[in-house]
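Shared chain: chain A. Partners: chain B in the first complex, chain C in the second.
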Partner chain A sequence: MLTEEQIERYSRHIILKEVGGKGQKKLFDGKVLIIGAGGLGSPIALYLAAAGVGTIGIADADVVDLSNLQRQIAHHTKDIGVPKVESAREKMVAMNPDVTVKTYQEWISASNIAQIVADYDFVIDGTDNFAAKFLINDACVLAGKPYSHGGILQFDGQTMTIKPGESPCYRCLFPAPPPKDAIPSCSQAGVIGVLPGVLGTIQATEAIKFLLGKGDLLTGRLLTYSALRMKFREVPVKKSPKCPVCGENPTITELVDELDALNVCDLEKA
Partner chain B sequence: MQITVKLFATFREGRFSVEGREYPEGTRIAVILSELNIPEQQIGMIMVNARHAEPDQELHDGDTLAIFPLVGGG
Partner chain C sequence: MNLTVNGKPAAIDGKEALNVHELLDALKVEQAQYVTVELNGDILDRDDFERAIIREGDAVEFLYFMGGGANR
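Up next is the complex of A and B:
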């Protein structure tokens, strides 16, 4: 049951016919895992907390660096040196004490991801490297867990929602990670600060729609965004019968780390 | 044959966004990548008619080829 204060707090949700009291309760009962507490993870964490998503997990081993603050809006200047998950939790709980924030101050890997993902209804990829993006895809597909893929660089971003078994997964369009020497990093290539705000809020919207069971998810289509041209484009994507994880003869049946794909945005610390 | 070539993100710089282009029947994707001066190691995804494709795939009249760079930051 919602308290009077909660009815007031979520009143602009509750008056939406797609949400209502029942939908707000679904959000309260919802569990969303955010992997990465950086550029994408920051707006995702703040909006999910504000929306009253009851349990939010956030995973990141990193600490806040001065060069993060131009885009990672969950972290403030006073947080430099503080674990990102702790910094994010502080802002989320300050914004909305109703939510439970579970922090995982560790890098996700083949040895821990399945266990972490198992506790959640929906997963959001806010990571900055291909090793993690492929691992999240494989873990979610093997566990049948819906998730939102997101990626950014310079002025461009892309996102797609994956419903394992129903819609194409990341490996359907991108079967294996690129060699690490080919990967441009944010520290080398740069990223405009507002870019993760645009992509992250789309990813958060998908999590909220999934919990509500309303609308159409961004499945079977890759949404691309160009900040410079201020254009969104949508590219239809089909499941690949040859996909190594969700195709007809999958070769990936257990989780392995893609050791060849380095961190993209954190090379300054490597 | 007519191929619709769509370029994304940084691949558009100095090139184009979407173009209908003429190629001989059976042209492989790698030929188009080379013509457009797109190094294979910079490529994230290649799709033909909404499905993943590899550079050695042959194209057919009316195909839509979409080429994306690596976008892996967060």
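Up next is the complex of A and C:
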């Protein structure tokens, strides 16, 4: 049951016919895991907390750095040196004490991801390295867990929602990660600060729609965004029969770290 | 021939058919070795880049890797 204060807090949700009191209850009962508490993770964490998503997990091993603050809006100047998950939790709970925030101050890997993901209804990829992106995809596909992929670089972004078994996965598009050093990271190539706000907010929207069971998810289509041209495009994507994880003869049947793709984070540390 | 490339019209002069490698060359696609190519809605296997033929009126999408997000 919603308290009077909650009815007031969520009144602009409750008034929507697609949400209502029932939908708000679904959000309370919902559990969403955000992997990465950086550029994408910040708006995702803040909006999901504001929306009253009852349990929000947030995983990131990193601490806040001065160079993060141009875009990672969950972190403030006073947080420099503080673990990102702690900094994010503080803002989320301050904004909405109704939500429970579970923090995982660790890098996800083949050895811990399945266990973490198992506790959640929906997963959001807010990471910036391909090792993590492919691992999240594989873990979610193998666990049948819906998730939102998001990627950003310079002025461009892309996002797609994956419902394992029903819709194409990240590996249907990109069967394997690019080799070391092939694709620049944000710290090497730069990123306009508002960009993760646009993409992260779309990813949070997908989580909320999934929990509500309303609308059409961004499945089977890759949404690309160019901030410079101010254009969104949608590219239809089909499930690939040859996909190494969700195809007809999958070669990936257990989780392994894509060691060749791990360099992005190492470089960003430097 | 006239194609639709990433949603925009594109003309390749003096050619009636190209395989994917030739198309990537003709359009000077950057980091062509990592791009995913979709031809008329189907994602092509890299092994098929030699065999798959692009003809007048085809729609081609180039999809790029994008990292970003957490400052890991």
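As a working rule, the second predicted complex is superposed on the first by the 264 of 270 C-alpha atoms of A that agree within 3 Å, B and C clash if a C-alpha of one lies under 4 Å from a C-alpha of the other, contacts with A are read in each partner's own complex, and residues count from 1 in each chain.
To be clear about the criterion, a contact is a pair of C-beta atoms (placed from the backbone, for glycine too) under 8 Å apart; a residue touches a chain by one contact, two chains touch by 3 or more.
These numbers come from a predicted model, not from an experiment.
Undergrad: Tell me which partner A:245 touches in the superposition: chain B (first), chain C (second), both or neither.
TA: A:245 contacts neither chain B nor chain C.
Undergrad: So, A:182: does it touch chain B (first), chain C (second), both, or neither?
TA: both
Undergrad: Just checking: does A:62 make contact with chain B only, chain C only, both, or neither of them? Give me first, second, both or neither.
TA: In the superposition, A:62 touches chain C alone.
Undergrad: Determine, under the contact definition given at the top, whether A:226 touches first (chain B), second (chain C), both, or neither.
TA: The first partner, chain B, only.
Undergrad: Would you mind listing the overlap between the chain B footprint and the chain C footprint on chain A?
TA: Residues common to the chain A contacts of chain C and of chain B are 36, 38-41, 125-130, 133, 150-153, 156-158, 172-174, 178, 182-183, 185-186, 191, 196, 233, 235-238, 240, 242, 264-265, listed in rising order.
Undergrad: Looking at the complex, which residues from chain A come into contact with chain C?
TA: Where chain A meets chain C, its residues are 36-41, 60, 62, 65, 67-68, 72, 84, 107, 125-130, 132-133, 150-153, 156-158, 172-174, 178, 182-183, 185-187, 191, 195-196, 222, 233, 235-238, 240, 242, 264-265, 268-269.
Undergrad: Give the list of chain A residues in touch with chain B in this complex.
TA: It is residues 36, 38-41, 125-130, 133, 150-158, 172-175, 178-179, 181-186, 191, 196, 224, 226, 229, 233, 235-238, 240, 242-243, 264-265 of chain A that touch chain B.
Undergrad: If you look only at chain C, which of its residues touch chain A in the complex?
TA: It comes out as residues 6-7, 31, 34, 36, 38, 41-43, 45, 61, 63-72.
Undergrad: What residues on chain B touch chain A, complex-wise?
TA: On the chain B side, the touching residues are 6, 8-10, 12, 17, 41-42, 44-45, 47, 50-52, 66, 68-74.
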